[in-house]
Amino acid sequence: MFEFIATYAPQLIVAGIKYTIPLSLVSFVVAVVIAATVAVLRSYVPHATGLGKLGWQILKLILWFYVWIFRSTPMLVQLFVVFYGLPKLGISWLSPSGWIAAVWVLSLNTGAYASEAIRASISSIPDTQREAAAALGMTDRQIFMRIILPQATRISIPTLANSFISLVKDTSLASVVTIVEMFYLSQQLAAVNFEPLKMYLLVAVIYALFVTILSIPQRYIQRWADRFVKDQR
Amino acid sequence: VVPSAPAKSVPAYQKNLHKKGTLTVGLEGTYSPYSYRDKSGKLTGFEVDLSKAVAKKLGLKVKFTQTKFDSLVAGLDSRKYDVVYNNMGKTKERTKKYTFAKPYIYTKTVMITKTGSDIKTAADLKGKKSAQSASSNFGQAAKKAGTNVVSVPGFAEAIDLVNSGKADVTLNSQDSWGVYKKAHPETKLKAKVTKTLDNTSSSPMLNKKDKALAKKITKAQKQLAKDGTLSDLSEKYFDSDLTKKP
Amino acid sequence: MLKLEHIDKNYAEHHALKDINVTFNPQETTVIVGPSGSGKSTLLRSLNLLEHPDSGKYTIDDRTIDLSEPVTTDTLLWVRRKTGMVFQQPRMFDHLTIMGNMIEAPVHVLKQSKSDATKHAHELLSAVGLDDMANRYPYQLSGGQTQRVAIARAMAMAPDYLLLDEPTSALDPELEAQVLRVLNNLAQENQSMIIVTHNMDFARHAADRMLFLEDGEIDFDGTPDEFFNKPTARIHRFLNAFKFDQDEH
Amino acid sequence: MFEFIATYAPQLIVAGIKYTIPLSLVSFVVAVVIAATVAVLRSYVPHATGLGKLGWQILKLILWFYVWIFRSTPMLVQLFVVFYGLPKLGISWLSPSGWIAAVWVLSLNTGAYASEAIRASISSIPDTQREAAAALGMTDRQIFMRIILPQATRISIPTLANSFISLVKDTSLASVVTIVEMFYLSQQLAAVNFEPLKMYLLVAVIYALFVTILSIPQRYIQRWADRFVKDQR
Amino acid sequence: MLKLEHIDKNYAEHHALKDINVTFNPQETTVIVGPSGSGKSTLLRSLNLLEHPDSGKYTIDDRTIDLSEPVTTDTLLWVRRKTGMVFQQPRMFDHLTIMGNMIEAPVHVLKQSKSDATKHAHELLSAVGLDDMANRYPYQLSGGQTQRVAIARAMAMAPDYLLLDEPTSALDPELEAQVLRVLNNLAQENQSMIIVTHNMDFARHAADRMLFLEDGEIDFDGTPDEFFNKPTARIHRFLNAFKFDQDEH
């Protein structure tokens, strides 16, 4: 048992540090930016007429489509299409390498889900806050960015943490775009030593370790975000 | 008709069966022509037919359980199936943990490249990019030969990468190549048999404790070899007889 | 000048404003009184375009808005800059401290420098007796304290027209007097104000002009003197409800 | 192209109807029950002393552990352990069949994520609602079930929809516990026709179809849940 | 009888109640007045145990609770059943209609039948003039309407002690009189009430006894007659703030 761990754990951890962690972190940052933007735009009730209104309608349709397509199809297929499919259609700049294809897909996919979570948190902020800000002459943009989002952030932390944790594990799909990340490495090793169960347990422990460490900031962020809320005894 | 066991007492080799009176066979179903689904969605293939014939010889019904490679291995330990017919090569490490019956097929390894590739012999593989999947022996072989392995889920994806130039080569069995070639006569890829890599054989794989069953299966396969069934199946699926040890 | 012509507002279940025609003069304090549910808040919210009436015309200074059509964003922002609002139920920005609440709009809407805005905010908070609470969060204030911050916050924007919806309802007589003093000082500086209240003492002391609203219609529009000293029968009943009522017992 | 679809789509759809849909629906119902229970218990600030307090602390620790372990390890490993690992330890009643093992793991995993989403929505309900109910003499249980949860439900619908959609696609992991569901079937078929890209696209379309159809109730539930909220113009 | 002994309450930033000793007699209406931020709401909330004082003793009827220790759930529920609360800022259950708000607790806490509870609710809503709004949601009510529902909802629980925190602050004089009448009727049925208000007319008409709170301490405890007719200098100033203030101008 000890020998098993000593043999395999180091390789797996190295793979994790080389691929799993950077892939997760980079994709998450991109995903949150996408998600917040999409959520805000989709929550926004525009105050426009004529051409401006049409423009908004088209934009909203596009955003709806983005969320729909990325949520309703398997991420594996998305990776496949970006990496194997698009180049066939001559679009290869999107996926010059597996790494970049993976970041694209992981971010867009996670962003689609997270945008819905953020939208939910935006809808939890009472309309009175929006009205109070509007009455002070703030623009819709200011109201969203300065009043609604900061309060919605507090609510969305646990669900964004969900997204992040899922993402850490979804990086294992990067193997289909030729990245030998931690999980695939464990499968390769299991294919040789024929101990898939032990191997999987080991890799699960390492995932748990990563996820736990990477989630530490959450509690501090949450505490900070709760500063303006009466203590829940 | 089989010289079946007396009705009352179950023979020793049947005691540990996952399901009474049935030989439960584990396979992936993703490896044409060994086990795969035909266009109508029916499970078929060389290993499917072979295990059916073996079960018949043992006087057992047959049941197929399809799952992924890792699960096939783990499932033997927890007795989710009695035998795995899935192109399993017998290696030293594996024999420590599992029992293998006698090999039923022998294949050669080929290097698949674009026409005009500068890979001519195994020596040329060094430093090249090869597309391989983890669950195959070829992945290990490619690594040993000094290639940079690009991982893919399966043979089909490997072919895709070679086609698109994202990989230089993929190693696989001659028969898998044959199937592909048959399906895509216009292909711009070509394959070269390589001697320097081990020839591979495939054997039924069983739980370590199922020595008795393994022996029975070996015996059944011998009978099938003798009565020509084995060769016929090989001809049917590979257009050649791969069941004889070279 | 704020001028409403033929304003109508229907909620799904209620006809809240019925053909309202009224002009609010600049540099005047108009006090609106009336029974609960008569449409006072709806009227005030309409002046700020937080509520969009179904039809009618709204003139501010020399710009006229046709309310049966959608309003452009520019107009909306312009109206909101002209008019400041204190809501009936105080609405602090929960995530900002009191000081944060005070300077949010001055800094980001009026583009004041942060230090100017802070200085001014301290003055206003002092005026309502709350300067020592600048660093608290809204949940740490009492009802009356919150209401005073809301008033100070609206004043910080120095709008042409200040709309106050029951600004002293949570205040004891002393503070009510203090707030009245602050507002009257503003009035002397020619600030225009429209105040909804149900405190008749307060109304009497603040008003240049009185409106009485009932059931979505303006029933009285005149001077405080008329309103309090020569009331119609209806208004007499309204003003003396307490006395009448208790006498009956 | 047409022939391709005509050949494969029916088989895939049958597999979807046989495995993907029932697995998703059953697991989701179980998951929501688990998630709501866990979220409520974890959000609850108990008002107990002595032994009762200790009991609560232990319960909370267990619930924390449950959420932690199911979120921080890959679902594939969870399936593996339940189906192949536990029987080795003599615990086989949990996974008499791949189907049951899959329902267990899918429910518990989705439940762990969804419980955090529900917890977030609970925390978005202002404390004044709790106080108003407490002042009326309602028990903590009544306050949660009758006042907080109904309002939190409205907020959590979009995130629960996220969970459900993820779940539909996570059923593809059931192939490791010997269930030949839609996605694995597509892989098997691709292994023969050497058209993985086309095959994956086809299966993605079918997933999108399923997800879209299964998500229809969401909009009606949302509309119903929004009944007490002022129209967001 | 509600009796508080040596009650202390500290917030992080403020000492809100300082060694409060007071007894509220049954079948009496006690009115609490005092400046904004003096601790009136905190005192009322403590009586309902929504706020847990840091130390002191709280006796209800013949049961004494030591507040320096945690309170058991049973005690808590018992206290809440004995005392009903109307908050300073009305708190409707947003997801329930007005009728839903009214019958929620009677049905689920008092285990009344739904039809009984509904019948009683209609009576109470009529008493505050809102029976026709039973099927609306809270967001569809005006400020004063909401406040009246809150009062009716608390009365529906028929608590031994009714705690009202500025129950008429959003009401015009007519309605204020009407609510006062409803409350006085209750008082005649020997309902015990503790009312925080800043409306002195209302206080005068409702009180059997007056408390004046300042800065977390009880400064006056006596009859309304004393309070209004023979006030201390401090209270005189408090009562006549308006007059004084305006006179200065």
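Quick notes
Going by the order they are written in, the chains are A, B, C, D and E; count residues from 1 in each one.
In this text, a contact is a pair of C-beta atoms (placed from the backbone, for glycine too) under 8 Å apart; a residue touches a chain by one contact, two chains touch by 3 or more.
Computed from a prediction, not measured in an experiment: that's the story for all the values here.
Shared contact partners of subunit A and subunit E, listed by label, are C, D.
The minimum number of touch steps separating subunit D from subunit E is 1.
More C-beta pairs touch across one of A-B and B-D than the other; that pair is B-D.
Inter-chain centre distance (subunit C to subunit D, centres taken as mean C-alpha positions): 49 Å.
One simple way to say how far apart two chains are is to compare their mean CA positions; for subunit B and subunit D this gives 37 Å. Computed centre separation for the pair subunit A/subunit D is 18 angstrom, with centres defined by C-alpha atoms. Remark: subunit A and subunit C have CA centroids separated by 45 Å (rounded to whole angstrom).
Shared interface positions of subunit E, i.e. residues touching 2 or more other chains, are given as 89. For subunit D, residues that reach two or more other chains under the stated contact definition are 80, 84-85, 88, 154, 196-197, 229-230. Counting partners per residue, subunit B has 70-71, 74, 77, 153, 157, 160 as the residues that reach two or more other chains.
Annotation, chain-chain contacts: A-B, A-C, A-D, B-D, C-E, D-E (touch as defined at the top).
On the subunit C side of its complex with subunit A, the touching residues are 48, 50, 70-73, 76-77, 80-81, 84-85, 87, 89, 91-96, 104-105, 108-109, 137-139, 153-154, 157. Note for the complex: subunit A touches subunit C at residues 47-49, 128-129, 131-140, 142, 146-147, 150-151, 154, 227-230. Residues 7, 11, 80, 83-85, 87-88, 175-178, 180, 184-185, 187-197 of subunit D touch subunit B in their complex. Those residues of subunit A whose C-beta lies close enough to touch subunit D in the complex are 45, 68-69, 71-78, 80-81, 84-85, 88, 113, 116-117, 119-121, 123-124, 126-127, 154-159, 161-162, 165-166, 169, 172, 183, 196-197, 200-201, 203-204, 207-208, 211-212, 229-230, 232-233. Considering their complex, residues 11-14, 33-37, 41, 88-89, 136, 140-145, 148, 165-166, 169-178, 180-181, 184, 198-201, 205, 237-242, 244-246, 249 of subunit E touch subunit C.
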